[in-house]
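Naming follows writing order (A, B, C and D), and every chain is counted from residue 1.
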Amino acid sequence: MTTATAPVPDASPIVLEKVEVRSWKVPIALSVFALGAVVLFIFFARSGHTEFRFSQSEDFFRIPDVTVASAPVGIVLAIVTVVMALLSWAAVARGIRVPMWFTALFAVVFMVGFLAWAAQGDRPLPVTSLLLGAVTLSVPLVFGALGGVIGERAGVVNVAIEGQLLGGAFCSALVASATGSMTLGLVAAAIAGVLVAFILAAFAIKYLVDQVIVGVVINVLVTGLTNFGYSKVLAADPEHLNKRMTLPDLPIPGLSEIPVIGPVFFDHSIIVYIAYVAVAAVWYGLFHTKWGLRVRAVGEHPKAADTVGINVNGTRFWNVSLAGAIAGLGGAFFTLGSVGLFTKEMTAGQGYIALAAVIFGRWDPIRATLAALLFGFATNLQNTLGIIGSPVPSEFLLMLPYLVTIFAVAGLVGKSRAPAADGTPYVK
Amino acid sequence: PSTSGDGSTSAKKSDFLPCMISDSGGFDDHSFNELGYNGLVSASKSLGVEYKKAESKTDADYAPNISSMVSQNCNLIITVGFNLADATKAAAAQNPDTKFAIIDDNSITADNVQPIIFDTAQAAFLGGYAAASYSKSGVVGTFGGQQIPTVTIFMDGFADGVAYYNKQKNKDVKVVGWNVDSQKGSFTGGFDANDTAQNTAQGIIDQGADVIMPVGGPIYQSAATAIKNSGKSIAMIGVDADVYNTDPSVRSILLTSVQKGIDPSVQAVVKAAADGKFSNTPYVGTLKNNGVGLAPFHDFASKVDPGLQGEIDKIKAGIIDGSITVTSPASPKS
Amino acid sequence: MSETTQPQTTEPEQQASAPTPSPVTTRGQQALRDIMGGSFVISVLAVFLALVAGAVLIALTDPGVQHASGYFFARPGDTFRAIWTAVGGAYTSLFQGAIFNTGAFTFASGIQPLMNTLSAATPLIFGGLGIALAFRIGLFNIGGQGQILIGGAFAGWVAWSFPMPFPLALIVAILAGIVGGAVWAGIVGWLKAQTGAHEVIVTIMLNYIAFYLISFLLRTPGALQAPGTNNPKSPAIPAAAQLPGLFGIRYTVTWAFVLAIAAAFAYWWLMSRSNLGFRFRAVGENPSAARTAGIGVERMYIYGMAIAGGFVGLAGVNQVLATAPGGFSSGFDAGLGFDAITVALLGRSRPLGVFIAGLLFGALKSGGYVMQAANNIPIDIVLIVQSLIVLFIAAPPLVRAIFGLPKPGGAPRRSRRTVAKEA
Amino acid sequence: MKLELKGITKRFGSLTANDHISLTVEPGEVHCLLGENGAGKSTLMNVLYGLYQADEGEILLDDAVQHFAGPGDAMKAGIGMVHQHFMLVPVFTVAENVMLGHEQTKGLGRLDLPAARAKVREISRRFGFDVDPDAIVEQLPVGVQQRVEIIKALSRDAQVLVFDEPTAVLTPQETDELMGIMRQLKEQGTGIVFITHKLREVREVADRITVIRLGKVVGEASPTASNAELASLMVGRAVELTVHKDPAKAADAALVVDRLTVLDALGQKVVNDVSFEVRQGEILAVAGVQGNGQTELTEALLGLQPHVEGSITLDGTELVGKGVRQVLDAGVGFVPEDRNEDGLVGEFTIAENLMLDRSSGAPFVRGANLQTKTLNAFAEEKVKEFDVRAQSIQTHVGRLSGGNQQKVVLARELSRELRLLVAAQPTRGLDVGSIEFVHKRIVATRDEGVPVVVVSTELDEVVALADRIAVMYRGGIVGIVPGDTPREVLGLMMAGEAPESAGEAA
């Protein structure tokens, strides 16, 4: 048998015949919302007007307010949602996948309708501050989610984001007030995050303890430590420690003047700009650099990485630490970035929401950031509607971000693919 | 700052041991737990006795905390907040020799329990009136931590005070963040000075409010940050203590404070008990007994209407003599 | 997720039972080695290490120690004496609050702390069993808080809405609590089965949702709010539905403790003796093999979460019918949901283990109250000690390294192949 | 470059996987390593490659002693390895996989992908490969993935190349092609270590053969040695290489699969319009290269696949649309392809595993109570009958050897009243002795009149067991041929050629 002439098997990727598997998830979800729209906007229609306000009084350029009649707009938009839901059923029945933009458009229509319904009354709905609040509320989530993305891309599930945020918040307040330097406070926050990450890394990587367990226990530990430290250290010396210090806003010249966009994105303190940079850097780093290639290799197939000379556990260790630094920095937002001082358990479960953003964002820094923004928006919607008076009890609005999360992980994300070795310790 | 042992600095030592248990807010809540604690510390200092304190983290801690205080042989146990009512009641029944006092609750009738309650709506009414008078935009706002009576009583009084001003002056100052009739409004969901609180305050500012009364421990700090960030001239009304004194950093924006005299009332109750004059008659803080009140305008004295203080004094007198009635669904029923 | 059930799966404890001592070590040496390296000693040492860490924190933040250390080089003895006073005092209080109050005048009041420990342990055992059961199916139930809230609310609502004579009212209320917890956790199982939604995320989210839901109902007249008040608080539980004191009203421990023992037995029977438990374990250890063997993995997720929620719901029942029969407010879960996770981990998801872990953490808790009252040490120290215990337990090699202990079954460890070939 | 291993010893706990092994590979030589499962071949290569550190012994390259702290060092020294299980990151492109570990970067740390692509193309051209540098690895057929592995090794200028069982996943044609590549490398002066279980391949390319048993070198053999000689050297005793079986007795069709199509989660037709019948007392072997739909076919038979169209009837009963429980209750015995993943619960005891698919009702469950006594008696009996070697029935299955694990699976599946047996890769990873046993039991089952479907990628096994052979390629059945069809024809069919033309070509 001569080898040179042996039939060369087809080297093209296996392209198997394909038919669309019909998934009724999207039509079902849309129908549920459309039904809600019909019930709320039509059966519980509210007469009167809804006013959307886009500009703040001091804005240079002003966009005029928009006032609409609540009931007609609600009815029309409810009908639109019903039509869109029907369209999605029709599409799936014909084997067409409901495109993402369609779902997004549906969400926007529903949201406008909901706002027109809920914000009815003589108080205008301040659109700009609704969005501004969404951005600020999402900043710690963005930091946490970036930490989560890096950790999980490297193969270590980071449930300890909560602990890293809390540790960062505590140390930033402690160091900033003790030294009087907020820069040192930021550095301290990052270091605190790294220290928490060390515990996670040691137990997950060296002692092979289940990573979810370590994460949960670390969160309890950090809660205990910061509460203890608060009572025994910060609160024991109120003259010197835990004094209110907040980072000043640094409006970006030019950009911050743009109506709506300017105040929403370009008039923040340094830590928010760090978040922007971090998102871009993590995205670029993960997908376009040697570092990112190695991180992803270690999270997908550690043994393969090992066989090409990459130190798997070392890579994991340092990247979990890096993730800790980023999440810890996010902790400083709670103190230096907004409240100015530390209070017990002030992160209030945001770390877990950040974890949800990681999954919702399919382990991608950009998508995770968008997910974080969505959670921020849901939370702030609650604030805003509470102020202008809304027919929905405040507790139900407060539930909103959590309901959104469940919807997200159950409905929209489905079984998206985590890094293959995520959560699995590497033993040679 | 003080630990349990070192309240004993002054001369006349006594065996009297007053103790206090916080609710789940903790003693550093910048609110009624802290004020109660301050009262305990002051009273102990002046009596020259030691004291003990225990913080509760959750509702389940109340009963064990009280029982450990009993086992520490406390003579008077002050429990802070209506949440501790059941635990206090049970412990009082089991330990008839120990005296108890409970802040913000009037549900217990027992020989050894003294309720300490406040008709805060009266003071908040004055605050609302002052806010309406000071407002130039015609919009004033309030928001709360959680929707519980000890919070909404402030908001009710505040809104009623604004309404009273409107009636008197034939004005139309609006209140955002609280609707007395529907009892719905704006709450941050907790008593933390966090972003939610700051955004809530921001939202109220966006509604054009130029006076804000945040009700609920440290959330005023978030409101202060929002006010400073807004760059507008907006005034804030403090609650519980005279915030001018407790937090100098907000003096420049503080119009006044709606005071709830927890600190002095605790002092009074502790001293009475130490002197053997404990009584189970409720201590009700009102404008009349200065248990509640409106703080001075301090730095804002020159900015408010020159006649305002006079009007306030007159309304106060009216409330005291009953010619003006202030009621809230949350008012203490006695 | 088989590691969840036994964080130390890399530790072949069972090897201790393999009757194959190597010729170089005697049977006795081997036994000693196994005991010293085995899980019991590790557990004891883990508790010890955690207490030492707690002691360090206590000493570091003690004003007396700080004062004495200011002149450490002049008189180092003072510093050590101060440390001894601070730590010794704190742990004495811990003991007196958890086991026996040596300062009490009568034995009956002396054992009050022990009774407090039992009553503090009760909800931890219930919760721990629920979390442990989920672990055994390979599920991570972080939703204890929500399940306690809903379970407790169900129990309470049934108790005051349907007046019945004594044992009946109590039984019905307890069952309602179980159902409440089961429903709330069942949602998680259902979502996981239907959509693959990760239970860690869903349970956490449902905690918040339950909290706000209960908060809303508690301030809504006609729902859970006590009639005639404005406080967000429920009506009192009628006496017929309250869990009576086990040794009279003198002690806090109620019949709930007996119920906890029964629950541990039920758990044991379910997991070790019933075919449903067999399937749960199969799914937990290897879902694909279970599926191939015709076990409905998704159905097991739903059943398993629901039963786990039922156990956790009992913790809610305890809070409502025993701890605070005067009516509850929205925080009555008291953080038990998270404590229960540590109990399940420490108890290694075994019924007896969970029971003992519950007692231990119950003791820490009730001792913590006295430590706080007597020594002004924040009760958060308990949280720290608790989480450190679990961390140390999960990493036996770390504990062994710290104490220089041998590996269990070290040298005579046999490979699979040789066992098979020889046998 | 000359490679020398001197006295390499590697222990895992008390197990000595390599016991003073020495061996030399000259430049331009193909050195074959032979040995049964677990003999220590891969371990030795992993030591050479720096993945494990030897407990004793040394590695010399051109007479210089090497100290490899990790694979990075070994690669730098000029050693390349094509692993038994591919070491490719499935979601990466070919170029990314090739550059991983020695990435070149441009400004801002940006990966220099164009350079990596060029390298892939250059090597592909040199060896006549057709590999797209931008293809995602997991979408490539295994044969191509293996070329990526080779490119990866060559891109680092390997002087010594280790192939660890590279042919296990290849069609006979692909195997021949690989032999060609090896010869080409050899001519360029590369030293090659070649590990395989297939004696035919050994004799074709080997210059030298070393046989390892239980971690020790038991001897060298010449490429001209017979199969029987090599096999007895490997196992240490004479081995029966063929199964005795009588011709199948004709009977009624019991299993009828008609136009079966299975879709995976992405909607791809992983099994495409497949029809066949199996008669009572007949073994139908499904041959084909791994990944051509056999797994999905067997899973569809058991009711494990969610998207199935077409019909499967067993003795007239429709099985499509039924759950696994009902299919098992209909009398289907199932030996899964991956016993650790799908067949056994490692943390369960032997006894528990024996009742795994009978956790409802008699005899092991009464009411809701497990009947431990009944189960233990049953387990004792089966352990004896199937010669499962373990300390006791309470031993955790995870601690048994692969062969004994497989016996537990067989004992469980064969002790029910069967109307169909489906066995996927029944002897994968087993040593020759265990293979003998499993094959005998399968033939015995057939002889009891049970229809049997055996799926195997090993042509030897297919030829040994089959009464008829169905060859699968890319989801479809290329053809169903008699059991005595020549290997060459089967090989061509496995590459997708229809039986007629395959017959002509061979």
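Points worth noting:
Basically, a residue touches a chain if its C-beta (ideal position, glycine included) is under 8 Å from a C-beta of that chain, and two chains touch if they have at least 3 such contacts.
Please read these numbers as outputs of a predicted model, since none were measured by experiment.
Across the assembly, the mean Cα position most removed from that of chain C is the one of D. The mean-CA centres of chain B and chain D are about 75 angstrom from one another, to the nearest whole unit. Distance from the chain A centre to the chain D centre is 43 Å, each centre being the mean of its Cα atoms.
With centres set at the average Cα position, the gap from chain A to chain C is 31 Å.
Centre to centre, using the average C-alpha position, chain A and chain B are separated by 37 Å.
Contact with two or more other chains is made by residues 212, 215, 378, 380 of chain C.
Among the residues of chain B, those in touch with two or more other chains are 55, 147, 189. Among the residues of chain D, none is in touch with two or more other chains.
Interfaces, counted as pairs of touching chains, are A-B, A-C, A-D, B-C, C-D.
Listing the residues of chain D that touch chain A in their complex gives 49, 51-52, 70-73, 75-76, 81, 83, 85-92, 96-97, 99-103, 105, 108-111, 128-132, 135-136, 139-141, 143-144, 147, 152, 171, 173-174, 176-177, 179-181, 183, 263, 265-270, 272, 307, 474-475, 495-496. Residues 25, 159, 199, 203, 207-210, 212-214, 216-218, 220-221, 223-225, 227-228, 231-233, 236, 349, 352, 355-356, 359, 393, 395-396, 398-399, 402-403, 405-406, 409-411, 414-415 of chain A are the ones that touch chain C when the two sit in their complex. Those residues of chain C whose C-beta lies close enough to touch chain D in the complex are 2, 14, 18, 22, 273-276, 278-279, 281-282, 285-286, 288-296, 411-421, 423. Contacts from chain B toward chain C in the complex involve residues 3-5, 19, 24, 52-55, 57-61, 63-65, 67-69, 71-72, 82-83, 85-87, 89-90, 94, 107, 146-149, 152, 189, 329-330. Only residues 1, 26, 28, 55, 141, 143, 147, 176-177, 179, 184-190, 192-196, 198-200, 202-204, 206-207, 218, 221-222, 225, 229, 231-232, 249 of chain B touch chain A when the two sit together in their complex.
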